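Labels for the chains are A, B, C and D, by order of writing; each one numbers its residues from 1.
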């Protein structure tokens, strides 16, 4: 009996940027790709077992983090990231054959598509009504069904929905990239590659022990940050989740010890996955936490040697 | 000749949440309130002198920071915050007289209004088309003009546009508050009240000196954080602006010395204002940086005494 | 066949302060106490196996650390402290029967006895020649043999050497105490009592990684310092051993992790023992390193919980 | 009327190591050098005005700090160091003409001379009585007067007291150097040379704020330590003076701000002088506190630029 194909959810319909990102991942090769009506439904489907994994955008080089995804990742039960992909974002304006810019009275797209082409739309379609669709591809589908005159979408959606590209490269910031992540229910993390990222979320509530103290736990172990962000905890005024992306893997001794330290000091620590860094993804930079020179003794061999020495000291077997 | 009334820009048309917040500020009392078509236009009008001040939302307890406002504040030439207001956000569904939920095929609102009522709309108006308006009040205006069937808006907009409240309190998170700030061109900051906030943005680029080092400059001087957020610097992949809200005022010796230290160590420091903390605004919390006990010697008197002692040591006048 | 009595070396002859301290320790009860001609000979005899343990002074509340003992402890092969005793130091002036102050032309004592009664001697015996003896008791022996007129010594030495107390309580600082330690060759440390001290010595040579970084490794794990001192490394100009006394026991998870971290970051770490704190010994004080409030999560239960959580995260067994 | 010659006290009689060090300093050229009977009397004479300055040993590369000098420096009224000298220490054994080693029954020297030749004396003069003199030169004087058979002293003392060198280079650690300092009553410090040292003593008592916090005040301003030592505060059990030698000068903005910070946070700060580093003196080393790379923004120009920027921000004069 053949092993059943894995099912991976993504923001549908087909031809969204998320599907485009998902198709770059090896996990998508033999999988059934399941379009779902939003990022929260993707995370919910993973949690409830309707799919084995889900692909969601987490961060954009122009807009920053994707708030509902950050907030959704820290809900219960836990989810973990097992892979990331970074893809350039190229927006086009799609319409039915024969459409002219002058004739466009409504434009549909996902909120992010609208946000990243706001300047272009204001300049070229100042009179058009702008409509929010659940995805850029759904915006294109609305055009195909005649419910809107044009859509801001991916080039792929033109083909998918039988539309024409009315204007190309219409993003206000042309070099934008979006980072997508593949999430699953918790399991053994992917093996370390030596070039990994670990994603965390922390709360400290009213415990004595500041953000500075928590960042010190990372710094003393030579761990760099690539992103930090505070997000309000819903219904708890003035309490925050701190979302962190760090260099390293939970299987590394330094990261393991740092996570254990955060577990001791924080009110809550959510391990959100250790996974290989994608090509083109943000690198650890000095400005965010990397020491100017590599920290002496942060490698696995130094941890092993120290553990052996400590064991000897504790049982008296050293001379 | 009477002094001309000051002009304050805000996201129009009238009856937006921003106007509601602005009207709670003493600066609005004798001012001409000028509706403008977006938050970036408000900031631009202040920069260009079309208005004397502008009111914009900066942070929401549910959605977090307002990205275009954070990004707009760090553009050139400089702007500073001189006041803040925190108001509860109460969303209602508005329609023309006689409209029933069953008959609603389109709903218009600002992106934030849509984001914060997404659950309610999905549950009660699953078939309705959702349209982005430039403000919640503009959404209501579209309903008044017959361009949409319903709007997610403030209660004030019903009166303003002659509409009926079809459903009240439809926000998915009922306790939400939004923090608004009044910005001007740089001038002498408002005098310290002893209960102030200072807003900053920093970049560190490739200088040796980590975020940890910068937070240490605040911590050693007893300054607490109330918010920290990294935002990508447009067109500079993997470089970030760090946006910080801190306790204290630039006129305080501790804050002055801390700002000077950041000026020395950062690539860029943007002073974004010192102003009184609003009632109901986020308080400094231990989790974000406050020491468990007040730092000894952080008050102005201790700074004065230390400066006098140092002057004596330097010129030899102590015995 | 009865187990042979253990042999413990100390600075002789009998009736020194060191013997007095040693007799307060339970280890001395059935042991043979072996007088030796100096503190370095005591450490050497322990290293070479001539005795099973040795008792030496390490710190005095007036004079500070005892340099040759600190320097001797970091020599090879390793030694560890297994016990400490703190005793008040009461100096008396001893002489043969019939001696008067006016008739004293020479006074003998150990260097520490001389240093701590310098003021009294200058005031009362300004003309007397002051001679260094290898111990305070040896000074008394010289008096008994007629080689000196008086000795600065312990009250016990009067009895031991058949001398009279010519003047009592002659220390310049009457409340002085001296801390003595019992050292052995390395073995399993004494079990933790919950009220323990750990003694360390560190060198950092030219590694990037400052003293501040090393103290941070202790502070983040809630470990307090009770003493810190830099001692030049013989023959290595401008290199130092840092001698530290810390709160806690090597068997504690916090101390174990801290020691392993120092092992990774330092050029050399010498574990010099974990042992119960004596009554009257220096307590950890805020000024030297203790946080103002106990560090959250520094106890053994928090370490255990964190280790279990980490193991689950690493092998995927959490849901 | 000619300006009176300045008077400089030192540990006498003539021909001590201290006089040798003092003669290397420019201040000694036209001065009257006044021998005094000990280091505490030298400090006292400076305090009381009997001399204008005093020269005392502060640190030895073999024995570490000189405790009575450290303790004397923090007494009242204040004294400051204005100059340092580092000289190699070469001990010789002196005797009257015709003396043989076999015939020596008593050896006199200062405690430091005895301590640093202990091994040689034990090997070559095991039977000799060792006597403490108030200085190495006084030990030689005793030999000249026939009160002792031999003295451990400087080569200079042979000439001074008409004695013969019986054995040369008898120090147990041949490369030893001693650092001497010239102290005066407080006045304007010597001008900065760009290669200066600042000496401090701090107490923290029971204030919340640890040694780590105080060292952080130095580190964030790029100031290195060259020495740290805790000395018990007399009569205050478990309280300590921390003695620090730092890189930099009180006239430097970075050092000034750091000193002011210590003044705010410590119970007591004693400024013990800023003065040029001597050739051959301990250099700041990474192990004791220097960052691996120079701290960005720690130079005087960066402080000036930051102060100007801050002034502009405070008075609103920036655009």
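In this section, a residue touches a chain if its C-beta (ideal position, glycine included) is under 8 Å from a C-beta of that chain, and two chains touch if they have at least 3 such contacts.
Just so it is clear, the model here is predicted, and its values are computed rather than measured.
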| item | value |
| --- | --- |
| Label of the chain whose CA centroid is most distant from the centroid of chain A | D |
| Classification of the chain A:chain B interface as same or different, half of numbers criterion | same |
| Approximate Å spacing (C-alpha centroids) for the pair chain A, chain B | 26 |
| Between chain A and chain D, centroid-to-centroid distance (C-alpha), Å | 60 |
| Rounded Å distance, chain A centre to chain C centre (Cα mean) | 56 |
| For chain D, residues that touch 2 or more chains besides their own | 207-209, 216, 291-293 |
| Interfacial residue positions of chain B with respect to chain A in the complex | 60-64, 67, 111, 114-115, 129-132, 147, 173, 175, 177, 203-212, 215-216, 219, 225-232, 234-235, 237-240, 267, 282-283, 285-292 |
| Complex interface listing, chain C residues touching chain A | 77-78, 185-189, 207-209, 213, 216-217, 220, 250-251, 256-257, 259-261, 263-265, 271, 293, 295-298, 302-303, 305-307, 309-310, 313-316, 318-319 |
